[in-house]
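Only one structure is covered here, and it is reproduced in the block below.
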Amino acid sequence: MRPSGRKLNELRPVTIETGVTRHAEGSCLIRMGDTHVLCTASLEDRVPPFLKNTGLGWVTAEYGMLPRATHSRMQREAKRGQSGRTQEIQRLIGRSLRAGLDRVALGERQITIDCDVIQADGGTRCASITGGWVALRLAVNKLMKAREVLTDPLVDPVAAVSCGIYAGQPVLDLDYPEDSEAGTDGNFVMTGSGKLIEVQMSAEGATFSRDQMVQLLDLAERGVAGLVAAQHEAVGA
Amino acid sequence: MRPSGRKLNELRPVTIETGVTRHAEGSCLIRMGDTHVLCTASLEDRVPPFLKNTGLGWVTAEYGMLPRATHSRMQREAKRGQSGRTQEIQRLIGRSLRAGLDRVALGERQITIDCDVIQADGGTRCASITGGWVALRLAVNKLMKAREVLTDPLVDPVAAVSCGIYAGQPVLDLDYPEDSEAGTDGNFVMTGSGKLIEVQMSAEGATFSRDQMVQLLDLAERGVAGLVAAQHEAVGA
Amino acid sequence: MRPSGRKLNELRPVTIETGVTRHAEGSCLIRMGDTHVLCTASLEDRVPPFLKNTGLGWVTAEYGMLPRATHSRMQREAKRGQSGRTQEIQRLIGRSLRAGLDRVALGERQITIDCDVIQADGGTRCASITGGWVALRLAVNKLMKAREVLTDPLVDPVAAVSCGIYAGQPVLDLDYPEDSEAGTDGNFVMTGSGKLIEVQMSAEGATFSRDQMVQLLDLAERGVAGLVAAQHEAVGA
Amino acid sequence: MRPSGRKLNELRPVTIETGVTRHAEGSCLIRMGDTHVLCTASLEDRVPPFLKNTGLGWVTAEYGMLPRATHSRMQREAKRGQSGRTQEIQRLIGRSLRAGLDRVALGERQITIDCDVIQADGGTRCASITGGWVALRLAVNKLMKAREVLTDPLVDPVAAVSCGIYAGQPVLDLDYPEDSEAGTDGNFVMTGSGKLIEVQMSAEGATFSRDQMVQLLDLAERGVAGLVAAQHEAVGA
Amino acid sequence: MRPSGRKLNELRPVTIETGVTRHAEGSCLIRMGDTHVLCTASLEDRVPPFLKNTGLGWVTAEYGMLPRATHSRMQREAKRGQSGRTQEIQRLIGRSLRAGLDRVALGERQITIDCDVIQADGGTRCASITGGWVALRLAVNKLMKAREVLTDPLVDPVAAVSCGIYAGQPVLDLDYPEDSEAGTDGNFVMTGSGKLIEVQMSAEGATFSRDQMVQLLDLAERGVAGLVAAQHEAVGA
Amino acid sequence: MRPSGRKLNELRPVTIETGVTRHAEGSCLIRMGDTHVLCTASLEDRVPPFLKNTGLGWVTAEYGMLPRATHSRMQREAKRGQSGRTQEIQRLIGRSLRAGLDRVALGERQITIDCDVIQADGGTRCASITGGWVALRLAVNKLMKAREVLTDPLVDPVAAVSCGIYAGQPVLDLDYPEDSEAGTDGNFVMTGSGKLIEVQMSAEGATFSRDQMVQLLDLAERGVAGLVAAQHEAVGA
């Protein structure tokens, strides 16, 4: 019944390839089906002004799409400026990754996660969070190996998945053909231990019930468990 | 236990004054405690390009804050451009109001809802949605009275409220002192008949459980019911 | 003969309501007929760079219009940037208020006056100056009461009114229907003691004579006297 | 008593050299003492949208300063955008030139006057108006010679001069050393037949009286008469 | 003597992987050593305004760098706008690819080449041209296969390489450590048949002689021959 | 055969008038035929951040065109921002002038060269370099005369000329009618002693051979020699 032939509760094939760029302190290319996102973690000296001399660290994120990541070419944001959608997504990624962060343990340094969508087929913000955490993990591993950070500041993995009501059925991990048809969909950000970080459910020109909300949450828990397993495998933990 | 002395499940005093500006097709000043938002509905000839010659109508929203609506003065967005936060909020307002809209019944016209925060004390986006619907209702009433629209395109009222975990307890309708302390909070947009339109729950530097999610949802249902009653009273329905 | 039925030398009804917003150090809502402007005064630590370590204070102003303050909706300046007209007006307001200011007495602090037009019916820049002075007066009163400022830095009230040649006759305090027809109009900023601060007379596609200039000046003196009386009443002086 | 040794009512030496650039339909380099402005008139097919199919013409103006026209180098506006001051000045120039224009006689075409300050020593906006009218006159002459315009649309010359209170005395045509000291100054735009188009009198941190206003106006009439004579000589009329 | 151990006239290892993104009409990932650029060709309906109804086609290019393509993270251009360097490079890429294009044969359609640098180690603009031509070739092949284009509009392959004077010696294909030390360097764009399209030689704080210019040109011819061979292999021609 | 009747290897008449603006530390108006560029040198206290406390000086350049320098009026860059072409040109001018500069001898100060095109007829970037060097020379002379700089930091004059293939023939110093027809053209920046600083040869929709490249270089050497003679005459050396 799904265009891809997947079962209702089935994730797309997920692969996370690490060490894909030589300059970044951490990097991976995450593929969720045909959605491919390059995630890099950059360690930077500076922290935002409000954190100066607090001893606390910061993780922030930026998000972009290559112009031809999509079916028809989009205008380059470097030419027209960042859209509201882009800013909304990068705020979500940063907030999500900070939920799993011990800022005291990180110490007064900033790590910037760049998520650049090479190819898009739905779910790019979720893939960015899942892959972004892997890049962050690798950068923190480097800091710990160099004994610049002594206590692990990453207390729990963070991953995200989308779910939605497609053709009247709750389905896991929407691809673009499903996403463009679904009246209701949601993004769920969770930790490896099953805690919730962010829930965004939204109906475009429609509504949804409490029951549907719970059904989607059930699917999301299952999906995130699969993604966290893929993260563990990627970082060798 | 709440700074305001309110009960855990108690809304702030809500008043909705209509007809507050003479040019707009619909307008109201909504006050939720010390949060005051001026909402206007402007009927416009044009529809967005993707709706031309479709016969379908559109509702969109813009959001702003006066520079001294807040405790310390903020820079004017006309000087620095709209922030990501502002764009995120106005996209939410528009999406929420369209969920209760029959676009065929409205016909090929656009109504723009402007929500300008005169004074802020937390929950400005929710007050904007609740007040924005009243302005929209009044503008549509005018169209129906003039028999330019024959079937009511507003199928169900739309209102919104925030809830959060404050000092370990789920509380309804956060004011600013609560909002700035709450680790988890959420915005719930619902219809008058209790359907969900948008759920945004978010933890900054924290996580939340499924149980807490359900508790907040319970509070939100109660709060929205009170807001819908205030809307009905304001529009005389 | 005037669309409003007013006499040639008659102001619109003026009301100035103070204390309309809880955060600002001074605030008022000035209504000149159907022109309504919310004015706030914000005390700020910083002074402009050219005043650092001079011991001199500064008053500056910003001006905006809500998108639906006007008959048909205008585009939001936060989206398109401030127009030349807006910048011209806010420079005028700041310059006018500084003319009545003893910068030594104020000391090295800045007060920013925000004038936001809630509803427009002509004469918004003049109402902004008249109301802006009230907000400034209230903020300075607070500083003096706290004995942070010992000598009153506001040496003379400042108010403004427009006049023009409408249907061949000099008239006081143009409303929008008059303003849009008048070939010649002017804005006059004066002090409570009758001194001139700024005179801007302008003819669009027309010219005017010295005699007409003097007639408008006579009207302006009368109008400003009425506005200064309203200011006194508002600030309880 | 004036730094330049001029009499109180004496203009700076004025020269207007025409035909200084080969591409423009009309051009001149106006020198008022050490203030040098290059003015060009460009005939363009298009009119602003609000004039389409009305048969009416339009004159508009733009103003700029070369970065090192001033004593110390200013940042280039192409890099930082046009300042509020620049926009205010170019609106004034356009409005002034339109006051002497018969828009029906011009027909549905636009002439853009560019005023670029090569060297600044006070009074650049007035020199721009005076020189801008010469460029406009020459462009219109070309249209009339080609019989594209049959009735002269320039009904009266337009010129402008500044006056101010310097060291307690009313003086004509302020140069930069005077302008930077004057508490009160004004710009007067007039026609060749002595009618007023625009009066802008302003006091920075000071006030002025009606008597002073009249004295400055007297000086301005004398000054404009001299400038109109220079315009006539330049255009060979 | 070269940091990489390469001979003076030796290219870095070049690989061109095609079909790397599913949406674009043509795509490749070109690797010149550690410089990796993703090139996509997007077929678009519209042509620039100056080509409407001429029957002529157009090829244009855009260029970007992921923020962490470089040793230390650069600010994202979507946030700060395109730099002058970026604009200069994308103009060069477009101009170079058009030199090998028969615009009549292409017909009135536009192909946009996006070159996004995934990892940078010197020579990114040259790699973009070489890889960009491959993406263009693949997109044109598709048009020809569909018989939308009947005569091959790509008359000659286009490739580019940099050369420079490093440590006093002319060397081929500078990597970043060489590029940052070289006083003189150049970019040479040539066709497969050895014609020159663009020569850009530049000395930063130094000069060069005619002899050196000729030596670099000799190296460039050799280098481009190698790159054209790699292009042929990639497109299977 | 050339539209102007010039010989193939003949420069346009060149005049360089110095001291044309009173504020700048050095200035000239260079005329190459109908191309007229005003060049000023501004001495500034600050150096770019990367040079602070290095003892090294800096020369940078900015470039602009008056809107009606061209045949039809161009939009003012202060309104739309600097184009890629403008940025490319000003980077070239700065790089070229720095090639002839001893940054140690200049000491930690910056000189900004502004090149503003008053009238354009092809070759504006070359005229800007040639005239810019004269303005720089005059400003440095002033510093040396004041004994603020003791060793001459300008080791060799810098001048530039364009050449191209017009109607199949290599010609020197293209004017606009030639430039708009030439398939291949180039800009050559050289020193007074015949060393090369920058070579930019480019074919739009065409290619060129090594032989043609050498022919254009021969012409350029001849042209630059003439320009350097004009520079010497202008600065009285």
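Order as written gives the chain letters A, B, C, D, E and F; numbering starts at 1 within each chain.
FYI, a residue touches a chain if its C-beta (ideal position, glycine included) is under 8 Å from a C-beta of that chain, and two chains touch if they have at least 3 such contacts.
Remember, it's a predicted structure, so these values are computed and weren't measured experimentally.
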Set of chains whose contacts include both subunit F and subunit B: none
Each chain counted as touching subunit A and subunit E at once: none
Euclidean distance of C-alpha centroids - subunit A vs subunit C, Å: 51
Cα-centroid distance, subunit A relative to subunit D, in whole angstrom: 59
Chain centre separation (subunit B, subunit C; CA means) in Å: 33
Subunit F residues counted as touching two or more neighbouring chains: 82
Category of the chain touch graph - line, ring, star, complete, other: ring
Successive chains along the ring, subunit D then subunit F then the rest: D, F, E, A, B, C
Residues of subunit C touching subunit B in the complex: 21-24, 27, 34, 38, 40, 42, 44, 62, 64, 66-73, 76-79, 81-82, 86, 112, 114, 116, 118-119
Interfacial residue positions of subunit A with respect to subunit B in the complex: 82-85, 87-88, 90-91, 95, 98-99, 101, 103, 156, 186, 191, 195-210, 213, 217
